[in-house]
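So, here come the structures, one by one.
After this come two complexes, each holding chain A, first together with chain B and then together with chain C.
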Partner chain A sequence: MGLFRKNFGLLAFAAALGLAPLALPNDYYINVLILCCFNALIVMGLNLLMGYAGQVSLGHAAFFGLAAYTTAISTATLGLPIPVGMLAGVAVSAAVAWLLAVPTLKLHGNYLAMATLGFGIIVSIVFNEAVGLTGGPSGFVGIPRLKIAGFTFTSDKAYYFLSAAVLWVATLVSRRVIGSRTGRALRAIHVSESAAQAMGIDIARHKRFVFVLSAVYAGVAGTLYAHHLTFVAPSSFGFHFSVQLLTMVVLGGMASIWGAVAGAFFLTSLPEFLRMFEEVDILIYGGLLIACMMFMPSGLAGGAQAIARKLKAGVRRG
Partner chain B sequence: MFAGAPQYLISGLTVGATYGLTALGFTMIFNTTGIINFAQGEFVMLGGMLAVVLQKAGAPLPVAIMLAVAVTALVGCLIERGVIRPVGRTAPVNLVIITIGISILLRGAVMLIWGKDTFALPPFSGSAPLAILGAAVQPQSLWVLLITLLLLVALKLFFSRTIHGKAMLACACEQKAAALMGISVDRMAMLSFGLSGFLGAVGGAILTPITLTSYDVGVMLGLKGFAACILGGLGNPFGAAAGGLILGVLESFGAGFVSSAYKDAFAFIVLLALLFVKPTGLFGGPKSDRV
Partner chain C sequence: MADLLEVRNVSVRFGGVQALSEAALTVRQGDITSLIGPNGAGKTTLLGVVSGAVTPTGGTVRLAGQDLSGLPIHLRAQAGVVRTFQNLEIFSNMTALENVMTGAHMKAGYSMLDSLLHTPRFTREEKRLRELAMEKLEFVGLAERRDALASDLPYGEQRLLELARAMASGPRLLLLDEPAAGMNNKETAGLGTIIRRIRDELHIGVALVEHDMELVMDISDRITVLHFGSVLAEGTPKEIQDNPDVVAAYLGED
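== the complex of A and B ==
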């Protein structure tokens, strides 16, 4: 019973992911769900970084893009097997994150935000300018569909179940990380770096770890994305997408895994239902970021918890 | 090979002056409040865009620029009063998110109202180039350098001679002690946002005749302003201005001698390299953390 209760959230999440396609009116929405899974994956990693280590990345779209382009180039241009390409994509994201983290994370909180902002812009420039490698602004076409051990994921439904499974495993990993010694160290760093250091926590190493981990999440999402759409273009990996990701984290609630999932699913599917959203979406993201920080600093997850507490108190009183 | 050098130097100094003003804006807010204002680049954008819009609406150029600068300074004050102050003391990550929110809100608003076009402003005194040391110098470059220099002198006097300037310096040293001396830390924070809006807007307005402007120039300018801050040592106003000039010149030479497609990458590479080698900046001393 104890074990069941502890893992109730994970089980319910698995059930919800598995049953979600049944609730959809038509197959177009499967694609939206797949995108939701990709975004939730990136946002979960970003949430580990922001919510637990108190660092902001404004260039996560770049890690997503680096992995997508790496697997695209390895499989379509170089003709390597797809799993090799995907591994290479994730490895490139992780390696670049590590390189970026070494100089910036030694320093005070705000440096990583600026460095990743610049990094995101530079990567965008490279995607656009290195036409021979990336196809330039018009994009990279002809990425093969995902094929593992002879099975090709041709139907969107199959791809959805794969993405959902990856997302579920990532959730599991995140929970293990948060509950581990490293997770506790990260929370200590968030509360007070000086105090954490005095307790003997290697701050730079822990921050670096979680930053690279978040880049790995983004990288996994990027490789899945490339082999799903079979086409990638630089505009999907720009500053705008980084801001979207940031808004998903903040709206969902920092330092909450379920908040990350909720924020990603909500903000990814919202434009599908509100078409007029397109022109003003950047204003809405800006407004959401400010409003959340002013009135709801722990996001949807925190809001839900507060409501649940009030209900409980009400039940007890009544 | 070095024939173009004076030319690159002048254009680098001109752009660098604006980076310097942006960096000064960062420094102003950071020193008084400890916040890195990610909307700093938007102040530069607003200065340029508002000047263009007002000038198009029929205002004479000097009036348009002064109004644009005044409005941007007001926007800076409103940001502090309306968003930063109500939030109060909070984790740095939250403040970063808030200022990013402000920055995309400003950018989005400008895009919705005036569109995505690129706009130009006429130069202050004609465009016939002057020949200086074999380089063709636009008169506007001289205006930019002159106005930046005047602003630096004015700031120096403001901080050393006026009661408000000294109060701001006191806040930068130690907020609690400043409050105990009867200085309203809140008011000084608002002043610092207004002042950095003012500096950014001046930079934007005087540079626009040379580089043009549009709703999205703020990100890059903000980023380079910050790189200039780091170059000079964060929190050091003299370093910020010097950092801006150095960065502008490096970038100009990089674009001229290496590659102009990757021009915008230079600032970033400089930033990362410096963080790696000497994180306190060229003019910064060793730093310790307050617990």
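== the complex of A and C ==
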């Protein structure tokens, strides 16, 4: 019973991910769901970094892109097996994050945001200018469709289930990291670095850990993205996407793993729902964002919690 | 009893201000040593030199003979020097229990892999940590508040929570920076009892910076008086109260 209740969220999430395709009116939307999973992966990592540890990154699209281009080049240009390319992609994202963490995580608040912003822009320029390697602004074509141990993920449905499974595992990992002493240390660093240090917590090490972990999440999403679309272009990995990711974190709810999922799914699928409004869709999108933040300042997760509390109180009152 | 903390000839300069010059402080194992002096005398700075938050221009800090100079804050904490803060630094985003469990961070004997796989070691150690944290909450009288969000606690209880959190890290030397600030008389008396129990039951050395003279005179074994960054006098509460220099510089001006 206790075990079931403790893991109820994860079980419900697995069921929801598994049943989601049944609710779709046609197969076009499965691609939207796949994109939701990718974004949720990145946002979950970014939420560990921002929501829990309090370190802002305005350059996370770069980690997503680095992994995508690495696996693209490894598999299409160099002809390496796909799993090797994907591993290399994630490894490059992680390694770059590790190198970047050493100088930047000494910075606080706006300075860290500025440093990561600069990093994102530099990476974006490299994607555009290293034409021989990346194909430049017109993009990189001919990335092979994902194939693991002889099985090719030709149908979008199969790809969705793979992406959903990866997202589910990432959720499990996030929950376990947060539920450990490392998670407490990260939350402590968010509120008071001096108190965290006074408790014997090595701040530099923990910040670096969570930064690299968030880059790994973005990297996994990037490699899945590349082998799904079979085409990548620099415009997908620019400053605009970094800001979108940040918006998903805040809208979903800081320091909430479910909030990260909710924020990513909501903001990724919202444009599809707004398509019918044609030219004013972007206005409605903005209006909804403002309304959400006005009425749910602690995000979708915080809003849901507040509603649940009210319902509970109502039930008790009878 | 042996000297737990030995601070010798410590000087600190902030820009043009000489905050400490050749200051000294000794805390013996299982003793409460108070640091008193007028505002700006360098009390908090001296605590900072011990905890590692302030880098001195000269002098030595030794804990049970081990030279702490140059060690960063978290390594000093691991060596057993743990502080509380003048301006509360509780983890407002956590419950009272989580705050104290974070205090026990260094005591957790499991790796990241253990927490990812939820191995028996992880479960066992987390349980142990929770029990240790509960014990500390009980010690300061906050056991019933375990699940309250730390920021929801009244001020006096937040001070006690900080104390419980510091205790959970298993310190050999506890640095308390104005723990009674903002407390009423009843709360201060309760705090005095707790600090005494820290000394008598746990034999932890305590260095106390406090403005409440009644509390200081009541619980201290030794007192060091700082004046303009230097030691003006050192002795038992009785000796300090009878010291004409101290009375002239500080105590008499009430």
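Going forward, the second predicted complex is superposed on the first by the 295 of 318 C-alpha atoms of A that agree within 3 Å, B and C clash if a C-alpha of one lies under 4 Å from a C-alpha of the other, contacts with A are read in each partner's own complex, and residues count from 1 in each chain.
Rule of thumb we're sticking to: contacts are C-beta pairs under 8 Å (C-beta built on N, C-alpha and C of every residue); 3 or more make two chains touch, one makes a residue touch a chain.
Just so it is clear, the model here is predicted, and its values are computed rather than measured.
Could you tell me if A:M50 is touching chain B, chain C, both of them or neither one (first, second, both, neither)?
The first partner, chain B, only.
Taking the superposition as given, does A:V280 touch the first partner, chain B, the second, chain C, both, or neither?
The first partner, chain B, only.
Regarding the shared-chain residue A:R181, is it in contact with chain B (first), chain C (second), both, or neither?
second
Report the partner of chain A that touches more of its residues: chain B or chain C.
It is B that touches the greater number of chain A residues.
Pick one for A:T104: touches chain B only (first), chain C only (second), both, or neither.
In the superposition, A:T104 touches chain B alone.
Quick check for you: in the superposed arrangement, does A:P297 touch first (chain B), second (chain C), both or neither?
first
Does chain B (first) or chain C (second) touch A:A255, or do both, or does neither?
Once the two structures are laid over each other on A, A:A255 reaches chain C alone.
Scan A:L289 for contacts with chain B and chain C and give back first, second, both or neither.
First partner only, chain B.
What is the contact status of A:I121 with respect to chain B (first) and chain C (second): first, second, both, or neither?
After superposition on chain A, A:I121 lies in contact with chain B alone.
Is A:A68 touching anything from chain B or chain C once the two structures are fitted on A? First, second, both or neither.
It touches nothing on chain B or chain C.
Which parts of chain A are touched by chain B and by chain C alike?
On chain A, the residues that contact chain B in one structure and chain C in the other are 190, 192, 194-195.
Which of the residues in chain A end up touching chain B in this complex?
Residues 50, 54-56, 58, 100, 102-104, 106-107, 109-111, 113-115, 117-119, 121-122, 125, 129, 190, 192-195, 239, 243, 246, 250, 254, 279-280, 282-283, 285-290, 293-294, 297.
Which positions of chain A touch chain C when the two form their complex?
173, 176-177, 179-182, 184-185, 187-188, 190-192, 194-203, 255
Quick one: which bits of chain B touch chain A in the complex? Just the residue numbers, please.
For this pair, the touching residues of chain B are 36, 38, 83, 86-87, 90-94, 96-98, 100-109, 111-112, 219-220, 223, 226-227, 230, 261-262, 264-265, 267-268, 271-272, 275-276, 279, 289, 291.
Touching residues of chain C toward chain A in the complex: what are they?
51, 53, 72-75, 77-78, 82-83, 85, 89-94, 98, 101-103, 105-106, 108, 110, 112, 115-116, 118, 122, 126, 129, 165-166, 169
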